[in-house]
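Chain naming follows the written order as A, B and C, and within any one chain the residues start at number 1.
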Amino acid sequence: MILLKKHKHLITAYIVATLAVLATLLPIIWVGMLSLKSKGETFTRPPKWFFEPTFTNYVKIWENELFTNTFINSILITSIAIVLSISIALFAAFALKRYNIRFKGAFMQWLLIAYMLPEFLFIIPMYGIYQKLGFYDAHFGLALMYQVHVLPFSIWMLRSFLDEVPKEIDDAATMDGCNAFETLYKIYLPLILPGITATAILNAIWIWNELTIALGLTFSDSQPITLGIASFRGYISIDWGGMTSGSIIAIIPMVIFALIAQKHIVKGLTLGSVKG
Amino acid sequence: MFKNTTGYFFLLPSIIILGFTSVYPAIYSFILSFYNWNWGVQQDFVGFSNYLFLLGDKEFWIVIKNTFLFAFFACSIEVLLGIILAIYIDRINVGSGLIRSILLIPLMISGIVVSLMSKMMLNKLFGVIPYLMKQIGFSSGFYGTKSSAMWTLIGVDAWWQTAFVFIIILAGLQSIPKEPIEAARIDGVSEWGITRYIRLPMIRSLIFLVILFRSIDTLKIFDLVWGATGGGPGLSTEVVQTYAYRTAYGFLQMSKAMTIIVIFSIIVALLTIFYNRVDQKIR
Amino acid sequence: MKKLISLVLSCLFIVSLPLANLFALDWKKHAGSEITILMSEHPVLDGIREVLPAFERDTGIKVNVNALAEDVYFDRMEVALRSEKGVADVYFCPMDSTAFNQYLAGLIEPLDGYINDLTETANDYDLKDFPDGFLQSARFPGGPGSNQYCLPMSFESYILFYNKDHVNQYLGGKVPETMEELIAAANTVKEASGGDVMGAVIRGKRTDTAIDTITGVVMNSWGDSKVEYPQNIWFDGGWDNPQIDHPNVIRGLSQYAGLMSAGPEDIQAYDWNEAGTAMQQNLAAFFLDASLFGPWFESDESPSKGKIGYTVIPPQTKGGQSYTAHWQWGIGMPANAQNKDAAWYFIQYMTNKQNEPVIGAKHGGAARMSTWANPVYADTLNPEYVSTTLESMKTTRSSVVMKEGWSKYALEIDDVIQRIYEGTSPDESAKIANEQFLKFNAQ
């Protein structure tokens, strides 16, 4: 009797899982199919299910200078922003954990608010000052602006990971004569490397997919891939072939992250939510 | 103990960068909202008149209503669906890793791509979904009619972000201690009883957390709306951030746009603080 | 005597040759410079792209093209004009209140200095080849002593396109002859086809950019009464007297809403590319919008090739006079441009007598009168399209309203139509607009 009940619950679970997986994958598969269709076949009435797949869209899109530039820009911006956020957050998280900071509560509150503020609040003010500093339409400028969102998140995450390191190891290091820098570098850093990876991956995903701030603070030189995709809306007919293949290309790096680093991502999202 | 000055020193870069990227824009926007700057020759001090104007402006309140409506329904659907999914998939051992990876994929896609993909698939003339629906005798205006556009957006956002709730709740469920559950099983409690009285209460702070994150994120929505409907038809899907964008770049009313976003930021900040207080109580 | 005269003439001729060379333009004067042009994706840009290699070869100036989708373009254009460091040397200029507002803010460069300078402008440029009505739209502040800020690259007048197959099938081949007939015919097609064919498609999206198409329809209702500028038909004598509730204006706006009702259920999400695409895919019987669409409907990749008929907007009464409006895209120079001289060469080259026909063949809205007589241009176009466009030009008036902040007024006019479409009475809708206009004036 108990055995049957156990199976029933498992069966319903698999049914739900199957439905969820189908609902998730079908739109993506459809867009993938659209990207493999030749120009005249993209939009037919009724839609064509069987056709000869062709990779011309994927080849043509790399000839599109705008798209390839935005792809490279995204790689640059993401890399700079991650390096910046991890290095600065590491020190901050370390400080919060190890030292008695008087305004700790207020600081954490500030982190949360900065993280939650609507993007549009930043765009106009930063536009003016960025122009004067030369950060407007520059990779570094965008990477810097993104810190308002990725820095708080990185600080929370890294702090949780640092907290997992037993205090005894820290004490031992100090007794051995290590100063703060050395303790952080030689002792903690190797231990929380998985945590750093998780943080970096989650930051990368957010930055790679960001649009609003990029819309306001770039013009032509440092547009990221999100703007590149948006630009496929042409004048009369949208370049569906370019848009679908561009979308798939934009998704692929992040999906690879998801599949490989799934455990890291899960741990990161859960711990990031705990926010110390 | 450790010298505290080192701590403050380590904290300094974060403070400087966060100050520059959050405090400076906030103050600047706040000040700008007291002028009538139109990105040109006009720049007079007008005091609170922007605020007074907006608070009496029918259009502004429609936008606020749209934003909160979207946030409420999208967030509720995502939280409920995500929790339900997590409960079921928690039971699965074989293949759960693969299932999790696949369900995570929409989260990896940027809002603009999701909006354009959905626009393609829901296109009245050429989209695959209206076509399939016509076969079973169902039709909807999707993004094209005032009555259906907002619901379509809510549905698309649910497809996109439910995985966020799912992943976190699932991780929470899987880290619950097994003893209470085994004990309840031996006592003959039903599966749903166990879920209701043991599992969910144990992860209530996580549930609270996903509600916080999703509600603020849905309030701030921009790229999904901008890419799919641009705020239309009419004003039916205009939300605060798209409204601010249009006011600034479309009508060049910079100060008015800043007023809108300052009001909205205050609402978001207050909500954040409120959630924090409630969260302390839950713990 | 004859010999003397011919001798003198030949001497004069020989002497004038080097003089002519003295005045011929040195196209290579700015060779080596680099300019950036900021444009929206538009048939004009396609034409420019074709001429670009010749330009780079003839002048030695390198050109970077920065092209954006139209809605993003309008936003970026404003950003570009206000940049501390110029990001564009040439930009695609909407020749209406948009450019006027840019002029008021000191953001664009007057071109008269260049036009009148024979060392910078070829002597056959011939500014008078452009109809004065076109030039007027970007001559600020208006009146004597004004400067020319943009030069026209294309014009559009608002005409009626119809699908000959659908008209034959559902209307017995009869093309409507009045506005009322048009709306009735569109509804007939919509019903008779069971919704498979849309009766009419038109810009139904709520936006201030539809104002020019709207003006076309309202002009047709305004009839032969005089139109005063800069207030246009929307104000009576002064900015303080809005007249949206004028019977002719209400009639025009109601007719626009009537066309929307004969369209698909989601017409309120249709901007010009949705409406144009529907027509291009043979999914609609009637389409009222810019003449510019013609060449695209006739291109090889369009299913509508050969199926489209062209006519002026049907008049109010049978056999009456049709009226319409026109609008132009132009080319201008930001005040913060870094390479103004090279930019002027580009502007001049793309709008001169030799190249306009080539570019014009892509968009069918050439601004120069000489181009319409040029076979390079005229022969590429469908003759019915050409004759309809030329006929509309006889009774067209400018849709431009030179007012600071005009776009919110334009949006309110669109709102009148949206309200009528959704069921509010036309009189009530117009009254609301009049009140709103006065409110805007006070701000």
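Structural remarks
Rule of thumb we're sticking to: a residue touches a chain if its C-beta (ideal position, glycine included) is under 8 Å from a C-beta of that chain, and two chains touch if they have at least 3 such contacts.
As the structure is a prediction and not an experimental result, all values here were calculated from the model.
Ranking all chains by how far their C-alpha centres lie from the centre of subunit A, first place goes to C.
Chain pair with the most C-beta contact pairs: A-B.
One inter-chain figure worth recording: subunit A and subunit C are separated by 43 Å, centre to centre, where each centre is the mean of the chain's CA atoms.
One finds 41 Å separating the Cα centroids of subunit B and subunit C. Distance from the subunit A centre to the subunit B centre is 16 Å, each centre being the mean of its Cα atoms. Across the assembly, subunit C contributes 71, 79, 277 as residues in contact with two or more other chains. Of all residues in subunit B, those touching 2 or more other chains are 125, listed in ascending order. Multi-chain contact residues of subunit A, defined as those touching 2 or more other chains: 230.
In the complex of the two chains, the subunit B residues touching subunit A come out as 1-2, 4, 6-11, 13-14, 17-18, 20-22, 24-26, 28-29, 32, 84-85, 88-89, 91-92, 95, 97, 99-113, 116-118, 120-121, 123, 125-126, 128, 131, 159, 163-164, 167-168, 170-172, 191, 206, 209-210, 213, 216, 219-220, 222-223, 226-227, 240-241, 244-245, 248, 254, 257-258, 261-262, 264-265, 268-269, 272-273, 276. The touching residues of subunit C, counted against subunit A in their complex, run 40-43, 45, 66, 68-72, 76, 79-80, 83-85, 87, 273, 276-277, 280, 296.
On the side of subunit C, the complex with subunit B involves touching residues 71, 74-75, 78-79, 82, 101, 104-107, 204-206, 208, 264-266, 268-269, 277-278, 281, 283, 405, 407-408, 418. Listing the residues of subunit B that touch subunit C in their complex gives 38-41, 124-125, 141-146, 149, 229-230, 232-235, 249-252. Interface residues of subunit A, counted against subunit C in their complex, comprise 127, 131-132, 136-137, 219-220, 230-231, 233-238.
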